[in-house]
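In the two assemblies presented below, chain A is common to both, partnered first by chain B and then by chain C.
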Partner chain A sequence: MTRDLWKHLILILGALVVIAPFYMMVSYSFKSPGEIDRGEGGFFGRQEMMVDERCVKLRDPDREDVAAAAPRFPTQTDSQIRDALVAEAVADCQMRPIVFNYSKAFTEAPLLRYLLNGVIVTASIFLIQIVVALPAAYALAKLRFLGREAVFSLVLFCLLIPVHAIALPLYIMLAKVGLTNTYAALVVPWTISVFGIFLMRQFFMTVPDDLIDAARMDGMGEFAIVWRVMLPTAIPALLAFAIFSVVAHWNDYFWPRIVVTGNRDLFTPPLGLRAFKGDGDGSFFGPMMATATVIVTPLIVAFLVAQRRFIEGITLSGMK
Partner chain B sequence: MADLQIDHVTKTFGDTQVLKGISLDIADGEFVSLVGPSGCGKSTLLRIIAGLEGQTSGAIRIRGQDVSGIRAADRNLSMVFQSYALYPHLTVAENISVPLKMRQLSAAQRLPVIGPFMPGARGRNAEIAAAVKHAAQTLEIDRLLDRKPGQLSGGQRQRVALGRALVREPAAFLLDEPLSNLDAKLRVQTRTEIAELHRRLGATFVYVTHDQVEAMTMSSRIAVMMGGEILQCDAPDEVYNNPLDIRVAEFIGSPKINILPVEASNGALRFGDVVLPTVAPKALKGPIRIGLRPEALRLAAQDAVLTGQVVHVENLGSEIFAQISLTGYDGRVTMRAAPAQRGSLRIRANIGLAFEGHAALLFDHNGKRVFNPQVAAAQSEVA
Partner chain C sequence: MAIAEPHTPVIVSAETAQRRTAWWLTAPALGLMVLILLVPVVIAGLLSFTDYSLGNDTFNWVGAKNYDRLFSRSTYEKMFVATFIYVVTVVPVSVGLGLGAALLINSMGRIGDIYKTIYFLPVMATLLAMAIAWEFMLHPSIGMVNRTLEMSCGTILEIIPFLKNGCADRFPLWLGDKDYAIWVICFIGVWQGFGFNMVLYLAGLTGVHRELYHAAEMDGAKSGWERFRLVTWPALGPTTVFVVTISCIRAFQVFDTIEAFWPQGGGPNKSTYVMMFAIFEKGVQQNLIGIGSAITVLFLIFVMFLTLIQRWLVERKVHY
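For the complex of A and B:
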């Protein structure tokens, strides 16, 4: 009983450590800059009306605005009209911090465009990874050919190579063929996933040989076997791989930062965070955290939806 | 339907020769069992016929045409696997329809979602559905068509696997121990059903099993394989009554045949000091072995050839098997007796045994059959 208590206590502590940054992120995305700076307001902040300084500054009336507004204030002097206009602007630029943060997240940078880019890039990477990994894994698991073991050890060897070690040569190669600042640059280097080949190969090893022989007797060729027999039986494993792949590339900041240098239209969601990096005009932690929250939400939702099958796939026990 | 010819097929895995030159002609419509202990190469031979494995040398001919180098999919053979090998993600109906779909639909018509709307796909799909229904009715599984294999019992899966094999008209059916995953009762029932199916379809069946009872009850011919060779290929009767090799004699028949060491000289056989009623060819000399089926032995009083003590009795109701420890010999023999003889076969009872001279099967020192002149005489009398 007490042992269980200790176990749970340690696990809860671990969970708290892991969840703390997420808590901060979500909390900051609700709060006003003042509350963030002073570290007050609890989880939601007080949600008092605040004034968006930049919005007010943008509406700062010039001579023409004052002249145009003159008919509305017939009896007043120019400086009085100017003060009235500023007061109006301040009134218009008032909003709740949560609205401020999230509207800034979507207006400061084209976040929707970035999200769309994220979907395009991660989906293309994942689809091509499957197209490459399934036949490769099938061959490594079920076909007998000269050098199969050597090829498989190469796969294992490639698992050991860190991305950052080959980033520069990859960049240079892409630059030479003129592919930097394109979707291709974001997708192509990741299309051959040795991890995917390895994972699917391990799963295919558990598929009985008789099933493949039966498919051959039924008139299927080797590619038909991959797509019509192996793919459907491997859905749980594929789902597990999907999570690894999609999470890795959706959240990737390093590679897009390298190959997308000029064209902001190609920014992936994590690059969107750069729009809020502290410049001369103050910190934008609230909108930045709102952006971060928007970016991670799709992944968390997808995980919750697919949770059961994902765990099935990791333990590789979906079949039989 | 077609005939199969296996012509001097050998198979080597690394240094081990699994098949040592197998030749076998299987006529159209025949039911041939390949039977033998595990590791004798029978499954390898079946896989070579199917095209799932390549032979090292030799040829397989279907309808006289050499199929070496033709892949399994194009040999037009059906196979039923020991593990059934049903597609776990497809329903029973879809499982049975796969061989037809792969052969009768074009690649475009097989595409998911849009395939059924391709020109000509509707008619073909209707034909396939009808064929599937017919096959399912033949096997009485038409009520299971919408289920997935995971929801079926072993016997039902076995039927689906059979259905998938017989939905098209293959040149021959290959069955690889299809009954060994079933429980004993279901196995006996399915055995009958497969034999009836063979009679109804009149198709060529090649059936691999390690169970000699299955082979005996279903086949037109049995090929007994051991150590990568076919020792004998004959009708079940012939294999049982006239085994050409001592290993065949020992493998076929339950309980096992009794093998006794005897000394041959000058046409006479001695078991210890006892002269047996069997006549041997004069040329046969030295230590040889004889085989006596349990039913060849009978209880005898005065004319007893062998004497011994009953050590164990198995009563099966319709018959009794008694194990008898022979005097002056440290082995046991098994005899089959009628239930009426139960009284004389008490444990530790001393009894006498006799047999007809021509019932003994003679094997020389290499284990090869030596024909007994008495048998030849007895057979010519019958003729």
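For the complex of A and C:
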């Protein structure tokens, strides 16, 4: 029992270090700038009403506003009216820090657009990867043709090349055909997943030939067999591969950073967060951490819900 | 196929048809493999001998000048040193911690799953977002790390020289200090990656047969260490080969944290100027394609060399 105790002690210590930045990220996304600066307020902060200075500044009354408001304050001088208007603005611009941080995250930058881009890019990458890899994997596993060994050796060779490593020549090629700063640039280099082909081929090798022969007897063509017979049998493997692919590309920063410059409409979530950080003036820690939380949350939640599947998917590359 | 007689003409044409379909099924994958993976490698190889830059119509062959530069300028020496320190630190530490965590968790039954979940969180999280969270944690004045260290001031812990100096003067600037920057990057690399290794080791441990432990015990291996040395470690041989290789390849590709902390220049005194960042800075930002390609080529050689070693070890079925 005492031995188990020190085991727990070590593991808990590790867990604290692992969780610390997550804790801080979420905690800062709740707190007011003052609380962040002074390091108070525990995890949730005190959630006292705070005034959004920018909002007040935007509503700073000019001469016309004062004139327009004059009927509402009949007996007062202009400067009194002005003060009253400022007080109204301050009252209207009050909000809880948590509301402030998260509303700023979505309004200061088009965060929704970034998230949508992330979904579009990851989904297209995965779908194209499957459309390209599945038929090839089927042919390599189940069809006999001259050159099959050569093609498979090529697959094995290409497994050696990490796409990030050849980013520069890929970038030059895309620039030459004028595709930088497009969705295509974000997707194209990932359309071929050699690893996907390899994985699916290994999986298809285990599918009995009888199943395919039966389908042929029924008069199915090879294309139909790929999509109507092989695809359904491969669902578990595909799911694992989907998790592998989506996690990798939702989180990818290097490639988007290279091919998307300036055009914010194409920013993926990590690029958006990076731009937010670049724009920030230091007092924007809360909203920035809110943005980070929003970007990290979908995958973390999905992971917590379907842990076993996620671990299976992410460690896919470790299976032989 | 199996049911058909091999010599009738009908079958021959069916086989031709199958061959043709097979090529149709593999053609998209084959084409993309060549275009997206092989052609860029060749392009990088060729461009590394030129002074090409995007926007120029012509270029000159400059021989091995780019490579000469890589091996003579101090900037690139710093690049090799930073990459080397990172890989040589992160790989053993993250593999060691992964193995340690896996062994502890494996020995404690269901309750260990909690730790597994926690340790895997950084693998799922967007590294760029977490890098920004770490940047706040490491903020010299309001960061959680230095605040926690300050709490030790005035306590018994002050006998540790590091804390003593920190309390007397100030605690490190971490990211702003050239002596600490690379180690902080290494630490975040370990923080992010060891959970992945842990999960692979946990999978490896399920494959170690119970009987082996009994056998070892009968042979006189009484202590836990003896059992580990004689049974667990050899049985985990294949897992270790894989874990080390994939950790190396990932470590070579470190980029997100460095770009997030120091968008320009690769850290204080270029102490964190790793290869991926150099490719990005030289090739993409400064449009010095020749030198960027030369770094790409070296990078590919390193990574391919590592993977080939791994495959060679796996084929020899190493069991240490």
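Some notes on this structure:
Operating definition for what follows: the second predicted complex is superposed on the first by the 268 of 320 C-alpha atoms of A that agree within 3 Å, B and C clash if a C-alpha of one lies under 4 Å from a C-alpha of the other, contacts with A are read in each partner's own complex, and residues count from 1 in each chain.
The rule is simple: contacts are C-beta pairs under 8 Å (C-beta built on N, C-alpha and C of every residue); 3 or more make two chains touch, one makes a residue touch a chain.
Treat the numbers as computed from the prediction; the structure is a model and nothing was measured.
With both structures placed on the common chain, the touch criterion links A:Gln307 to chain C but leaves chain B unconnected. Set against each other, chain B and chain C touch different numbers of residues in chain A, with C touching more. In the superposition on chain A, A:Arg63 makes contact with neither chain B nor chain C. When the two structures are aligned on the shared chain, A:Asp37 is found in touch with chain C, with no touch to chain B.
When both complexes are overlaid on chain A, the residue A:Val194 reaches chain C alone and has no touch with chain B.
Contact with chain C, but none with chain B, is seen for A:Met288 once the two complexes are overlaid on the shared chain. When the two complexes are overlaid on their common chain A, residue A:Asp213 makes contact with chain B and with chain C alike.
In the three-chain superposition model, chain A touches both chain B and chain C at residues 213, 221, 320.
If you check the complex, the residues on chain C that touch chain A are 1-3, 15, 18-19, 21-23, 25-26, 28-30, 32-33, 36-41, 43-44, 47, 54, 97, 101, 104-105, 107-108, 112, 115, 117-130, 132-134, 136-137, 142, 144, 147, 191, 195-196, 199-200, 203, 238-239, 242-243, 246, 249, 253, 255-256, 259-260, 263, 276, 279-280, 283-284, 289, 292-293, 296, 299-300, 303-304, 307-308. The touching residues of chain A, counted against chain C in their complex, run 4, 7-8, 10-11, 14-15, 17-22, 24-25, 28, 36-37, 39, 131-133, 135-136, 138-140, 143-148, 151, 154-155, 158-173, 175, 188-189, 191-192, 194, 197, 209, 213, 221-223, 226, 247, 250-251, 253-254, 257-258, 269-270, 273-274, 277-278, 285, 288-289, 292, 295-296, 299-300, 303-304, 307, 310-311, 314-315, 317-318, 320.
Contact residues of chain B toward chain A in the complex are 47, 50-52, 71-74, 77-79, 81-90, 98-99, 102-103, 164.
Considering their complex, residues 208, 210-211, 213-221, 224, 229, 232-233, 235, 319-320 of chain A touch chain B.
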